Structures are given as structure tokens and as C-alpha cells.
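Each structure below is given as C-alpha cells.
In what follows, chain A forms one complex with chain B and a second complex with chain C.
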Partner chain A sequence: MPFLQHLCQILYDSGLGTAIRESDYAYSLIESVHVIAITLVVGTIAVLDLRMLGFILRPIAITRVAHAVFPLTWSGFVIMFISGSLLFWAEAAKMYNNPAFRAKIVLLALVGLNPLIFHTTVYRRVHEWETARLAPWRARVAAIASLSLWGSIVIAGRAIAYF
Partner chain B sequence: MKSKFALALAVCASTIAVPAAYAHHSFAAEFDGSKPTRLVGKITRVEWTNPHSYFYVDVVDSKGKVSNWGCEGAGPGALSRRGWKKGDLKIGDTIVVDGYRAKDGSNLVDARRVTLPDGRTVYGGSPGDGGPGDNGTDQGALSTSPAK
Partner chain C sequence: MFLHSSFLALGQTALGHFMQTSRWGFALVEMAHLLALALLGGALLIVDLRLLGVVLKGESARSIGRDLGRIVIASLIVMIVTGIALLSEEAGKCYFSPAFRWKMVLLAFAVLFYFTLHRRALLGTDTGTPGFWARSAALVSLTLWLGVGVAGRAIGLI
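And now, the complex of A and B:
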């Protein structure tokens, strides 16, 4: 058995994993928290992306929008990560073979790479373009990548139930 | 202009193609409402799990051939509210399952009505999954189950 699959089986068989998986209400409660946290993360990220693309909040500097959504995005991310980990924990052995879950993990890795590249390149000179109605093309590419990746992650996450 | 129309069409088509998603996945996403099946067999495995429960039965056909069937039911929360507890199914127990076959033709049914070893009959469907017997209540409607 591959190491990762073995690890998934250990999580699946653990007390916590079993307790969530066999619970009357905990699983659906964690699921709901996860979905609400996703709306917080993806919603606030979308606000910044749409601002860079020049669709919304055009009179407001991009850095101001970024600072406003930052705490919301990250607190949402923490809740999303913890609740998602618990859901995975409960179903790890089944998730290992789930194609939608695998796709979601790959997409999550990519969506994590996106802000890394963005913040080390074009965002370093944000003060040159923060008040522009439309961000430079590289920032717009990052915004489009972010919107499509997060959209795909939500679709892949929902699709887990169908495999 | 043409491409815009094509895009609009694609969006509409995808909206229709996506099955109604309730708590987890709907009945119609995996099961065929026109294929009612009754299974009588011995329990080989029980998964009392979210978001759907599964139990497996060995069914012997008229030629004596044994095949193992998976039965999908609602999650532990919904089943508990119908008085079905985790320990009610034991390995080796004989049960009767009225359900519907999976669309992919595999040995899997959606268990809509399960007759437990103690004689109780319990609705097995997920609340709100839109399948046969789903009447919007916790308990479901056993009478609409197939194979009378």
C-alpha cells in the first residue's frame, strides 16, 4: 500500500476520524462551517480580484481594498482549513481514491502559488499603480487566474460527493 | 455575436446538466428510479458513515451463485431520527432491502426501505434527496417503495 494511502487509512481509522464520520450531527455541522468559511475566503478574494480587473470599487486604491479584505480572508482561511481538514480526516481512506478530491488538492496548490508569484513580482511596485482604475496586465492575469482557480476548487469540492 | 450565443447556450446547458445538489448528492445523481430491486441477503459489512451510510449483503440467486451488493442509505443523523441505531445491523443478519439500482449498473442500490432483523421497517433515503418516498419529512414514505 502506498505511504500516502496508508496514512489516509490511519487517519480514517483514528478515534477522531471515526467519531466525525459516524456522528449524528457533527459531520454536517463541520460541513456547514466549511462552506461558510469558503464564502468568506473566496468572496473577499473575489472583491480584490474584481477591483484589479476594474469591475468594482474603481475610485478606491487597490492597497486600501487589499488591507480591508486581508483580515477577513485570512480568518476565513483558518476556519476553512481546520474544518476542511476535519472533513478529510473523517473520510481520508475514501478521499485517497476520489478523483474530484485529487483535482481539488492540485488546484489548491496552484491557487497558493498564484499569490506567491503575484506578491513577489508585480505587487512589489503596487504603489505605482494602486490608484489606477485598471491594474497592470500581470496583475490582471493573476486576478483572472485566482477567480478561475477558486471557482474550479469550489466545483471540484462539490464534485467529491459524485464520485 | 455567434460566440456569445454559444456561450449563453453552454451556460444554460450546464445549469440543466448539474443535478440538484442537496445535503450531499441527490438520488438521481447516481440511481435509476425506473429500476426497483429487492435484495434479500446476509449482512457482510456495515459502514455507519457520513454523508451516506453503506451496508453490504451477500445475495444468493436461483442458481446458488452468491454476489455481494452495496446498499446506500442516509447518514447516521437521519437514520437515528427514524429509530435505526448503529448496532441494529450485525454481520450475518438477514435483511430485506427495497431499493433502486445504480445507473452505472454496478452491484449498488439506493436503499429506500429496509426491513431489519427485528422486523421493523425503516425508510433508508436521505431527507430531501428527491428520490422515491422522499416526502419532505424525516421519516419518508415507506408505502411508495417498490417491489410489493
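And now, the complex of A and C:
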């Protein structure tokens, strides 16, 4: 058995994993929290992305929008990560072979890479373009990448239940 | 009952048949419903937090409300259209579901509130600190929309 699959089996068989899986309400409750957290993350990051693309809030500097949005996005992300880990814990052995879950993990890695590249390159000189109604093309590419990746993550996440 | 028979009729339409028999139909429509939910939730949250004076305090609540309102309306339309398609899959069952009934009542209140008192609160708050009524409107709005979401999630569970 591959190492990762073995690890998934250990999580699946653990006390916590079994407790969540066998409880009448735990799984559904955690899943509901997970959905609300995703709304928070994706919805708020989309506002920033749409601002960079020049669709909304054009009179407001991009850095102001970013400052307003980031605490919400990050709190959502923490809740999403914790609730998501618990859901995974309970179903780990099944998730290992689930194609939608695998796709979601790859997409999550990519969506993490995106702000990393963005912040170390074009965002470093944000003060030169923060009040522009439309962000420079590299920032717009990052915004489109963010919107499509997060959208795909929602789609892949929902698809997990159908495999 | 007129309402009950319209629910049953919806299940008998071509849309209903498609949603009941297609392998991926329900899943795809559900994904579109969720994507629109994320946009709707994010836009509403920023608008209401501005109205509460938590974020973007120096900026005009009126223009934020107008701008993000376009996202709210566009995603609301997508949610209603996809929602009707999702409903057609098991309309007869939803008619009797308490979660579904709660969701519809809360949705009606949320939409009504959004276009009336909430709108007035936004129009009346420019760049200044929001007043008592504006803050109350933001709290009522957040509660109503969160209620719609929670009731919606419950449809699949109870």
C-alpha cells in the first residue's frame, strides 16, 4: 500500500475520524460550516479580483479594497481549512481514490501559488498603480487566474460527493 | 391546492424530466448555484460591513452599494434560475420540506428588505459614519441572508 494511502487509512480508522463519520449530525454540521467559509473566502476574494479587472469599485484604491477584504478572506480560509481537514479525516480512506478530491488538492496548491507569485512581483509596486481604474495586465492575469481557480475548486469540491 | 399542484407540475415539465434522469444535470446546476452563492455572499457581506462601519469607512456606502449591488442582482438571478431547476428535480418532496419552506419565506423577506429599507439605508449613508438605522439595516440584512443559506443547506439534511 502506498505511504499516502496508508496514512489515509490510519486517519480513517482513528477515533476522531470514526466519531465524525458515525455521528448523526457532526459530518453535516461541519460540512455546513465548510460551505459558509468557502462563500466567505471565494466571495471576498472575487470582490478584489473584480476590482483589479476594473468591473467594480473603480474609485477606490486597490490597496484599500485589499485591506478591507484580506481579514475576511483569511478568517474564512482558516475556518475552511480546519473544517475541510475534519471532513477529510472522517472520509480519508475513500478520499484517497476520489478523482474530484485529487483535482481539488491540485487546484488548491495552484491557487496558493498564485498570490505568492502576485505578491512577490507586480504587487510589490502596487503604489504605482493602486488608483488606476484598471490594474496592469499582470495583475489582471492574476485576477482571472484567481477567479477561475477558486471557481474550479468549488466545482471540484462539490463533485467529490458524486464519485 | 394551487401551490402544491404547481410544484407537482414543475416536476412534470421537460426541465424536471431532464433534472431527474440526467446523470450530471443536477450536479452541474448545483455547482452553478454554489458559484453564484459565493459571489452573492461576498458582495452582500462587504456591503453590510461597510454599512456597519467595519470596512472601507472613508468610502461612500452609496456607491459601494450601487457597484456591488450589480453583483448581488446578477448572482441572485443565477441562483433563482438554477434554484428552480434544482427544485424541479424533487418539487413534490420540497413542497413538504420545512427547510425549503423556511428558505422561501426568509428569501422573500431578504429580497424585500434589500430593495426597500436596506436600499434606503445605503442611499442615506455616504462617506460618514453610519447611523443607528443604517447599522440595524446591515444586521437585519446579514441575519436574513445567513438564514436563507442555513435553511438552504438544511433542505438536503432534513
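The working rule: the second predicted complex is superposed on the first by the 163 of 163 C-alpha atoms of A that agree within 3 Å, B and C clash if a C-alpha of one lies under 4 Å from a C-alpha of the other, contacts with A are read in each partner's own complex, and residues count from 1 in each chain.
The working rule: a residue touches a chain if its C-beta (ideal position, glycine included) is under 8 Å from a C-beta of that chain, and two chains touch if they have at least 3 such contacts.
In this text, all values refer to a predicted model and were calculated from it rather than measured experimentally.
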Residue contacts on chain A - larger count, chain B or chain C: C
With the two complexes superposed on chain A, say which partner A:Pro59 touches: chain B (first), chain C (second), both, or neither. second
Using the superposition on chain A described above, determine whether A:Gly43 touches chain B (first), chain C (second), both, or neither. second
With both complexes superposed on chain A, which partner does A:Arg158 reach: first (chain B), second (chain C), both or neither? both
Which holds for A:Met95: it touches chain B only (first), chain C only (second), both, or neither? neither
Name the contact category of A:Arg21: first (chain B only), second (chain C only), both, or neither. first
Report for A:Leu149: first if it touches chain B alone, second if chain C alone, otherwise both or neither. neither
With the two structures laid over each other on chain A, which partner does A:Leu72 touch: chain B (first), chain C (second), both, or neither? second
Looking at A:Ala135, would you say it contacts chain B, chain C, both, or neither? Reply first, second, both or neither. neither
Shared chain A contacts, counted only where both chain B and chain C touch the same residue: 28, 158, 162
Residue numbers of chain A touching chain C in their complex, please. 28, 32, 35-36, 38-40, 42-47, 50, 56-60, 64-65, 68-69, 72, 150-151, 154-155, 158-159, 162
Taking the touch rule as given, give the residues of chain A at its contact with chain B in the complex, in rising order. 20-25, 27-28, 31, 90-91, 158, 161-162
Which of the residues in chain B come into contact with chain A in the complex? 19, 21, 23-25, 29-30, 48-51, 75-77, 80, 86
In the complex of these two chains, what residues of chain C are touching chain A? 24, 27, 30-31, 34-35, 37-43, 45-46, 49, 55-56, 58-59, 63-64, 67-68, 70-71, 146, 149-150, 153, 157
